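One structure is given below, encoded as structure tokens.
The first chain written gets the first letter, and so on, giving A, B and C; residue counts start at 1 in each chain.
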Amino acid sequence: MKYTSKDSIMPSSTNIPDDWFEWEQSDKAQAEKVARPSLSYWNDAWKRLRKNKLAMTGLVFLIILIFLAIFGPILSPYEVNKSDLPNQYQEPSASHWFGTDSHGRDVFTRTWFGARISLFVGLMAALIDVSIGIIYGGIAGYKGGRTDNVMMRIIEILYGLPYLLVVILLLVVLGPSLTTIIVALTVTGWVGMARIVRGQVLQIKNYEFVLASRSFGTKTSRIIRRNLLPNSMGPIIVQMTLTVPSAIFAEAFLSFLGLGIQSPYASWGTMANDSLGAILSGNWWTLFFPAFFISFTMFAFNVLGDGLQDALDPKLRK
Amino acid sequence: MLRYILKRLLIMCITLWIIVTLTFVLMISIPGSPFNSDQSSNETVQANLEKFYNLDEPYYIQYFQYIKSVILFDFGPSIKQPNQTVNDLLGRGFPISFELGLITIIVAVISGIILGVIAALRHNGFVDYLAMGVAVFGISIPNFILATLLIQQLAVNAEWFPVATWSSPKHMVLPVLALATGPMAIIARLTRSTMLEVLTQDYIKMARAKGLSPWKIIFKHALRNALMPVVTIMGTLLAGILTGTFVIEQIFAIPGMGKYFVESINHRDYPVIMGTTVFYSVFLIMMLFLVDIAYGILDPRIKVHQKEGE
Amino acid sequence: MTNILEVEDLHVTFSTYGGTVKAVRGVTFSLKQGETLAIVGESGCGKSVTSNAIMRLIPNPPGKIDKGSIRFKGKDLMHETEKKMRSIRGVDISMIFQDPMTALNPTLTIGSQLMEGLREHHKVSPDKAKRKAIEMMELVGISNPAERLKQYPHQFSGGMRQRIVIAMALICEPELLIADEPTTALDVTIQAQILELFEKIQKVTGVSIILITHDLGVVANIADRIAVMYAGKIIEMGEKRDIFYRPQHPYTKGLLKSVPRLDLDGEKLTPIDGTPPDLFSPPKGCSFYARCPFAMKVCNKVYPVQTNITDSHHVACWLQDERAKQLQATLPIK
């Protein structure tokens, strides 16, 4: 086929002024200029996270929640554990924003105290999981070979243990308290985190930039600090955001079995369980507020975790 | 494949041994004797227990006796329910719990996969957002709260379904719904994300380039690969459903094993707690094992990988 | 000989978060029956997009064929229904992808993947399909085909898999085969074998081939004609000899200088400095302007007019203009 000349679309060459046909020193700086400004990994991730409306909703909710957990009780004139039986089951009103419970205690005040405990349980469990997981998974992944093999067998065995059954068993013996609940939740909870860290370390260890820095004789500790940790942070953070809600859920579940935080302290879980019956007698608010905050907190952490997963995934970087 | 199965079996046995040992250590570490504290157990029960657990023997003998009885599947008498053994309770309660769990898992898997596939095929469309909205809701709301809400709205207010018990299909709707929503949501999300990933694979492009029909591409090429990760989380989901039955049976007054288990925790009925824990652990670990085998059969790469490893 | 494929003024865009990428910006070429056309260019120049557009396999959204026409044996493919396109894909036009490791479904046997196209389009019996599959496996040089049909992709090496992919593409006896970087993911020795296989199947089946590659070395052996693409446009096209021995466009010359050659002893390899332009906002003038050692003022302002060096050799470069030729005397020292 003839490669037809396209004078119809292209400007005719005869219209072009002659003086345009002069050598021009092409601007090398311009040629080298990268098309778009390059962003650092974290800047880029933050930028993408900010575009995710759902994840941002979750993040804002959590910030408000933490603020209220700290300052909420101060705003309220009521004491958290003071019974006021004549005032039991008051509907939400100007004096009791969230109403009162079966002991006449102010649900608003108790909700923020509950937030402190539920969030504390969730965050501590996540923090401990991460600490053990990073050390264990990091060693297994970095050492590799036999060490890795043995360590992974141990993980495989622990992974088979039914998580909540073990937690229940531990709490039956240790007796439920804030400390024992966190201990019980983390005894087998770190296994998942360790697996993720190991996988990341194994993968990154073989990247060329790590090999390069090894070949320069960089110290192991420096490689771990400068290369391995920052580059495996993404999945670790995501896993952490997902550990918090599952720990909050586990605590609520344990409350249901009578193995949660014991009164007079209240987590959202204990508050909700104490009120499961009350809802049938029409006192919906005693269940609604703790249930709403459990659910919305789990929602917030889940969407934030999803958002972070997308934002931190280097594959999605364009 | 055989080597793979043997390896999994060995790991399974070690995990079981840890559980059994753990229950034993916990039993003997409970302050005082677990069987005679302030509990108002009668003397025959007391005698039965001491005989069963060989409480006058040294610990190592007790340990071996305990392991032996576990292997023989004999969990001894209950403290709180005189003349009943743990096995009696399991025999009565487990079939009901199993039925609840089985219906739940079937409902969760089918609806979760359908929801996930539809969401993936309508990626970023209205249906996708709707399905994922349902899924996020399902993951966020704890099952005991959902159960209470369902009872209040659909049973008490609307009177569509009975409030409690487990006697007819109509009775089963609310408990199954309460229990299946969480796992369904997890399956839907996972199916969607793996499906989306699979759909970008070269072999899908290749299948399109071959001129296959969309249905054939989805069912023959995409779904099978997309469901692999769903198979791997089945073990975790089963564990979740199983512990979920504790709560759901309690709320709906279903006379299953979960209800007995919660009661035994409240009454500190240690033989029942230990026996149920061991029984459920065996059950779950076996399920995990079956899931692993199923995965090995579904994914041809696993078999050969093992062969090459020999 | 007649043209089996005619592509004219093809424009393809992709809308992304960052804006609209103009991936292909007016590509025109044609392919004769039994011919091998190589489309050469660096990654991101739009060559794969062009091939996907011919198959109408541009994912929409985000991709869109904005305008242009694609005619296969005189039939307009641009406005065919999806259903009609399905009956063309695999039957009349087939495609091979870059990475044989991922182009085969890991959970299905080779046999089932080989036969499914045949069974979908020609509704043949399983027995007949199997015989045809074995025949194709033999053609692409896989020994013991009856046995190997039952195996899974991971049981084959990369080169073997690419042979299977080729067999898969050819099983319905298409007239046009589009091979998108078919050798890039393979070892050099395997590359040579696969290229030989292409020559062999072309001889046996008479299929026309569009070979998409970034590697001029691959092209040297089997292409009849070469189209050089840069930033979504074909900047030079001609017979293999024209491109290799009389390249006109500075970019083509640059490409040739950056290919290691055994026949030119002692010649230094020179890379092309700089990076291709941003296709979010492609330049108004010549897209190679920023990297071109011979850039003139006009190059930045107006896209160069097509010049026909011979009947088959075309180039889009202002250096072909008479006024530029007068400047040659003052050529800057490069």
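The rule is simple: a contact is a pair of C-beta atoms (placed from the backbone, for glycine too) under 8 Å apart; a residue touches a chain by one contact, two chains touch by 3 or more.
Computed from a predicted structure; not experimentally measured.
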Chain contact topology (line, ring, star, complete or other): complete
Of A-B and B-C, whichever chain pair has more C-beta contact pairs: A-B
Taking each chain's C-alpha mean as its centre, the one farthest from chain C: B
Between chain C and chain A, distance of the C-alpha-averaged centres to the nearest whole Å: 45
Chain A and chain B: spacing of chain centres that average the CA atoms, whole Å: 25
Geometric centre distance via CA averages, chain C-chain B, whole Å: 53
Residues of chain A that touch chain B when the two form their complex: 153, 156-158, 160-166, 168-170, 172-173, 245, 249, 252-253, 256-259, 272-273, 276, 279-280, 284, 287, 291, 294-296, 298-299, 302-303
Residue ranges of chain B touching chain A (in the complex, touch as defined): 11-12, 14-15, 18-19, 22-23, 26, 29-30, 136-137, 139-142, 144-145, 148, 151-152, 156, 239, 242-243, 246-247, 250-251, 262, 265-266, 268, 270, 273-274, 277, 280-281, 284-285, 288
Chain B residues touching chain C - in the complex, by the definition given at the top: 201-203, 205-213, 216, 220-221, 224-225, 228, 298-301, 304
In the complex with chain C, residue positions of chain A that touch it: 1-7, 9-13, 16, 18-28, 30-32, 34-36, 51, 318
Touch list for chain C against partner chain A, complex: 3, 6, 9, 16-18, 26, 28-30, 237, 273-275, 277-278, 280, 289-303, 305-306, 308, 311-312, 314, 318, 321, 323-324, 326-327, 330, 332
